[in-house]
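First chain A sits with chain B, and in the next complex the same chain sits with chain C.
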Partner chain A sequence: MTGLRYVYAVCRPFGTPLQSQLTGVGGAPPALLRHHGLVAVVSQVPAADFCEEALKAHLEDLDWLSVTARAHQGVIDALTTVTTPLPLRLATVFQDDSGVRTMIEAREDDFLRILDRLEGRVEWGVKVYLEPEPAAEPAPAGQPASGRDYLRRRRQSTHATEERWQRAEAFARSLHEGLSRYAEDSRLHAPQNSALSAEPGRNVLNAAYLVPRAHSEEFVELVDRTKDEAPGIRVELTGPWAAYSFVGEATP
Partner chain B sequence: MTTPSRLPEPYGQGSGANLADILERVLDKGVVIAGDIRINLLDIELLTVKLRLIVASVDKAKEMGIDWWESDPALSSRARRDELTRENAALRERVARLEELEPGRAPKEAP
Partner chain C sequence: MTVVERREIALVDLLDRLLAGGVVITGDLTLRIADVDLVRIDLNALISSVNASVPSPFEEIL
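Now for the complex of A and B:
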């Protein structure tokens, strides 16, 4: 059975070799397919797993999906350390090398334009969480003394929750404004579901920032400095990522 | 509450990326190219994947003992229902007690 070609990314030719022990989706080592002035990073995947029908079924399988997503991201991550890759979406698969070459030719101008824009830049992810309310809430114990007392307590507790939310949102807004000024570009993503991310607290900001690699240290310090600024609020930084969130058109 | 050793492995150079961070990028971002194998990730398949992901992780999280959202009325409709039921019962009890204290008053008050 012949293998299919799984394409991870398109880059400009680069000099540094990839780590020799790097493996891609399905365990095969990624190879470089050079065409015109571009390089596609590809690996062979079994047709049995990546034909249309099998792929559809696999994508519904959380375990398969997480292993594949991590392998995909692993290759992109390795590329990010040696060049500026243009990451393709998960499961971009061709029958053979000539299919990949045809694709490169068809999209060459797009690729070159985006690669120019992203050259030397990385993406940082910043998330703000409103921590779960402390268990030892100073709520008055025992039965309310009267209906009025009951309503008052209820109003107070709603009010406190509302206030925590407003504080967290104001914090997130000002953090985002500050980081956007420093970054070249930014994207706001939908807040993550806490069940999916397994992170405690409620995600109130989920943003990505495009930052020149050379300025990344300052950016990280900028984020770190805000970490202890507000009680009950947690700031998380991830990266450096390939510029996944910025492969589309730049914000006007 | 949590058992960090069993949470998704951090990925990359010191990044604290969780599985959601990775899926968010590899499924929703990145250049979209129609390969020879036509899979439209934006189609219905992805929706089912996402729905199943949430369900699956809730179960996995529960296995790990992470279930605080179950009792948070803002996050769980069941907790919200439970809270309303509790309130309702407490209020009924109070009304009954008040009526006992002043028997016959409530009906007479009707205009």
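Now for the complex of A and C:
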């Protein structure tokens, strides 16, 4: 037997069965492992891919990482439709079921406390981008008349760039404050690298908000209302996600 | 300004959550990513280096 146990999430027991066609990481169907008052959602993965060394190599392979992350998310998504899952970090792997049971026993109190806090809540992601600078600045026609003229033009252009940045940052700050007041909790992720995201513009805010499912519609409207507030700025909303960013302790 | 909602989840958004979020389990019986931040840095380096030499290889997967 060379299979390892990949654990996606821990949940309270739930009545609805998982979709029968659901597949997890590596194509194996996820199963429920009940222990004490909790359920671990697990599937079998080949040791050849998930032993420490292989995993390290795989994690530097974008294609592998992408397929694995999407499979993990697929299971979490399916769980989100039937319960409030407590998602584990990508590639949490145990030798066997007894390892999973031992882990549940060791963390039982934490799990129950966090599950209580997250019950009925979802995560929304909000990102703010400063759009790429307009291609053609209304540059004064012709060559600079003098060295002094050249320096003046350069100063003006630098000044304009700084102003755009400051405006975007002020916008992001005020949006974050507004959304944080509405949400139960919030987390700031590092701004995304544009080479990685392939998104135009600079990412100035990358935040996650914990919102009761019942209030999600209002939250989305709140984000939507900022639409016409600032030129040159783009807001992107993702979700609803399982509460990945809120599995730690609540911020006081 | 525009508010964009996408159907397809971007890989970066997934990685923000799956590599930086989620419950971290440690223990003798666990195999896990030794240092996620390091993985993240390697990944960024990998992407910038590939990006510099090959115009846009990520569109299919992102």
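Following the convention adopted for this analysis, the second predicted complex is superposed on the first by the 250 of 252 C-alpha atoms of A that agree within 3 Å, B and C clash if a C-alpha of one lies under 4 Å from a C-alpha of the other, contacts with A are read in each partner's own complex, and residues count from 1 in each chain.
As a convention for this text, a residue touches a chain if its C-beta (ideal position, glycine included) is under 8 Å from a C-beta of that chain, and two chains touch if they have at least 3 such contacts.
Note that the structure is predicted; figures quoted are calculated from it, not measured.
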So, after the overlay on chain A, do chain B and chain C clash or fit? They clash
Thinking of the overlay built on chain A, is A:S174 touched by chain B (first), by chain C (second), by both, or by neither? neither
Discussion item. For A:V235 in the superposed arrangement: first (chain B), second (chain C), both or neither?
Written reply: second
Applying the document's definition of touch, where does A:Q19 land relative to chain B and chain C: first, second, both, or neither?
neither
Using the superposition on chain A described above, determine whether A:A198 touches chain B (first), chain C (second), both, or neither.
both
Once chain A of both complexes is superposed, is A:T226 in touch with chain B (first), chain C (second), both, or neither? second
State whether A:T158 touches chain B only (first), chain C only (second), both chains, or neither.
-> neither
- Considering only touches as defined above, state whether A:G147 meets chain B (first), chain C (second), both or neither. first
Would you check which partner chain A:P132 touches, where first means chain B only, second means chain C only, and both and neither mean what they say? first
Chain A positions within both the chain B interface and the chain C interface are 4, 7, 10, 50-52, 55-56, 59-60, 62, 65-66, 69-70, 72-73, 86-95, 99, 103, 107, 114, 125, 189, 192-193, 195-199, 236-238, 241, 244-245, 247
Chain C residues touching chain A in their complex are 1-6, 9-25, 27, 29-34, 36, 39, 42-44, 46-48, 51, 56, 58-59, 61-62
Note: in the complex, chain B contacts chain A through residues 1-2, 7-8, 11-13, 15-27, 29-33, 35-39, 41, 45-46, 48-49, 52-54, 56-58, 60-61, 64, 66, 68-69, 72, 74-75, 90, 94
Within the complex, chain C is touched by chain A residues 4, 7, 10, 50-52, 55-56, 59-60, 62-63, 65-66, 69-70, 72-73, 86-96, 98-99, 102-103, 106-107, 111, 114, 123, 125, 189-190, 192-193, 195-199, 206, 208, 223-224, 226-238, 241, 244-247
Listed in rising order, the residues of chain A that touch chain B in the complex are 4, 7, 10, 50-52, 55-56, 59-60, 62, 65-66, 69-70, 72-74, 77, 81, 86-95, 99, 103, 107, 114, 125, 132, 143, 147, 161, 189, 192-200, 202, 236-241, 244-245, 247
